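What follows is a pair of complexes built around chain A, which joins chain B in one and chain C in the other.
Up next is the complex of A and B:
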């Protein structure tokens, strides 16, 4: 099979989405949850740029990817600020300790 | 040239996997920065230099600084190694999602070669996607306000004036 660049990028997109999703399912640390979200968003970003490229509308794909970068950064900022506050109030970053309704 | 593409692709995936797997938070932030830089390189190779520059400066620069700042305040914490879900269940869920996504993406390769639309990046982003730009400004403003509110030290308890 001849590997073309779009095919490689699609494999990377699927890999990043898979790794990010797996991370969201298994990690317990709040800051690691933000890391997993970042990996997931990078996959989506690459997919948008690739979609713009393949559909011949490069600039639309680019501008949507830039919007995603801004939104993703703000999500990281708020997620990290929340993690810091959780650490201050509960004394732990473990999401298992967050819910008071457990058991 | 395909070798270069493959090397960059493998680098992106290894960095992302290490960012999830490593137990030290600071190392996770650094692996994420590496992943971000390689994704920016991939975007440049795809022909999107503007997005690559923004991703490199924001994704690999600003976000890494934010992570280091947050880890510095919150501190490293040793967690027990139990995962949130049983790992086999997580792997099955991920494989199912990826199979579905791959199935959706397969028709991409049957597309006809597109007509390249003429136009400029400036026109696309400021005129055709003006609503997006407006939303970005609102999101940035809301994010800054939220961060100020969240990171503010708690107000000191109210003490009545002694008379």
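Up next is the complex of A and C:
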């Protein structure tokens, strides 16, 4: 089987998404959760660039990917800011300790 | 002629205004202005001024036109759905801003609150009017960002931080899935315009089906479709009460509108979409009501009731999209409007009690059902407003909630499909079930002896009482005269059905 360029990219996208979701499931530290979210977003970003390439409108794909970079940086900043506050007021970064609000 | 466009004003005022409000509010504090409420007045002014261009645009939309705003490659187009969402947001945001004058007046970071509230209103209007798929996602993400910050507004409270963390993680996963869905649709159709895509998709295409699943899961997180609703009760109960009202009244409905818009792109799928919506409708009504029954905290109870109300809306929409009963969609849009008013009123009157009994005394403990005992003696207006709101939500006849549910049920019966008719009966029984947790609240407020906490509570501020009075009047009036907003909901239903090619 011939490995064409898009297929390699698809494999990389799926790999990044897999790592991201797997990370979200097993990681307990809040900062690592933010890292896992970033890995997921990078997979989505690559998917947008590939979509632009396959649709023959590379510039649209690229501009969507750049917009996603901005959006995803904002989310990372908010996630990390929350992590700082959580460390300060709850005293631990373990998400296992974030379960006071039950039911 | 560019600046003559009311649409441009409608978008510019909130988006250019919110950084200004933050900076000026901040500078005012730095300069030592005593009790810097300048950000409050600026936000209120901005929201009130936005009513004018919206009114003008509303006239055009109801006359059958579609006002368009083009900024380079970005196109915004206001149709009936966008108008309904914008009107609801603006009305609720004005009420919430007025209410919050005393509520967050004593908090640090007041200027952030008003700036983000204005930004959130503007962004939701943008979401309602987005004309292409990626644009829709950008507005959606901007709405999510403003709401993350507002949910974690009490940044020293462990509860608020926990709710914020859960909300950010779930919502960020959802938005990644939406982006993947957009990439798939774009690859397949080579276009992003909401109106252009359906013609370019050759159905049935397996990749597009996958995109549909991504949209449902991604937007479903924000609109609290049942297995994805777990962030909602935490976020709604920990946010400041005004923000709970906004989240419950418009943010989850905006998620629903985004979901409908993205599914409209895949309208070639036809009936399976309606079936999917029906499944979520049943799950939402059942889980929302059963979970609400066992809550002891008022705001958590109201949050679960929002989950069940999304179910009623989905029922009407599914009746219209899959079974050809257009009045079901009209009913659902009417329910979006009345639910925003009633749930806004419920959260704000619970917020008044929370403020007087807890926050004014410096405590951030949640308000429980037991605290409400005898509240009518000391807070007659808040007690009345809360009763109007919850009885309306439960669907008692002369109130607005009855009218909108009734219209959804009529739509369900018009389909002539036995399945839908059984589901309408199921929804009606769910309404009765919901009275099982609303009615005891009213009973407790009016018929119990006042508890010590209530007797020690602070007097209710005038601005809060005023907001509650106006909103209760709106709920009662819409119950007696549902025809007042008929044109609005009908045009929303027509726009939605035309997006699905019906």
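Keep in mind that, in the parts below, the second predicted complex is superposed on the first by the 100 of 103 C-alpha atoms of A that agree within 3 Å, B and C clash if a C-alpha of one lies under 4 Å from a C-alpha of the other, contacts with A are read in each partner's own complex, and residues count from 1 in each chain.
Here is the rule we use: a contact is a pair of C-beta atoms (placed from the backbone, for glycine too) under 8 Å apart; a residue touches a chain by one contact, two chains touch by 3 or more.
None of the values given here were measured: they were computed from a predicted structure.
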Touched partner set for A:78, first chain B, second chain C, both or neither: both
Touching partner for A:22 - first (chain B), second (chain C), both, neither: first
Dominant toucher of chain A (residue count), chain B or chain C: B
Which superposed partner A:44 touches (first chain B, second chain C, both, neither): second
Partner chain(s) touched by A:56 [first = chain B, second = chain C, both, neither]: both
Touching partner for A:67 - first (chain B), second (chain C), both, neither: both
First (chain B), second (chain C), both or neither touched by A:95: both
Residues of chain A that lie at the interface with chain B and also at the interface with chain C: 17, 20-21, 45, 50, 52, 54-57, 60-61, 64, 67, 71, 74, 78, 82-83, 85, 95
Complex contacts: residues of chain C adjacent to chain A: 134, 138, 141-142, 145, 148-149, 152, 155-159, 161-166, 168-169, 172-173, 175-176, 179-180, 182-184, 186-187, 190, 192, 233-234, 237-238, 291, 294-295, 300
Partner chain B, residues of chain A touching it in the complex: 3, 5-12, 14-23, 25-29, 31-32, 34-36, 38-39, 42, 45-46, 49-50, 52-67, 69-74, 76-78, 80-85, 87, 92-96
Residues of chain B that touch chain A when the two form their complex: 2, 5-6, 9, 12-13, 16-17, 19-20, 25, 28-29, 32, 35-36, 39, 42-43, 45-48, 50-51, 54-55, 58-59, 62-63, 66-67, 69-71, 73-75, 77, 79-80, 82-85, 87, 89-91, 93-94, 97-98, 101-102, 105, 108-109, 111, 114-117, 119-121, 123-125, 128-129, 132, 135-136, 139-140, 142-143, 146-147, 150-151
Residues of chain A that touch chain C when the two form their complex: 17, 20-21, 24, 30, 33, 37, 40-41, 43-45, 47-48, 50-52, 54-57, 60-61, 64, 67-68, 71, 74-75, 78-79, 82-83, 85-86, 89-90, 95, 98-101, 103
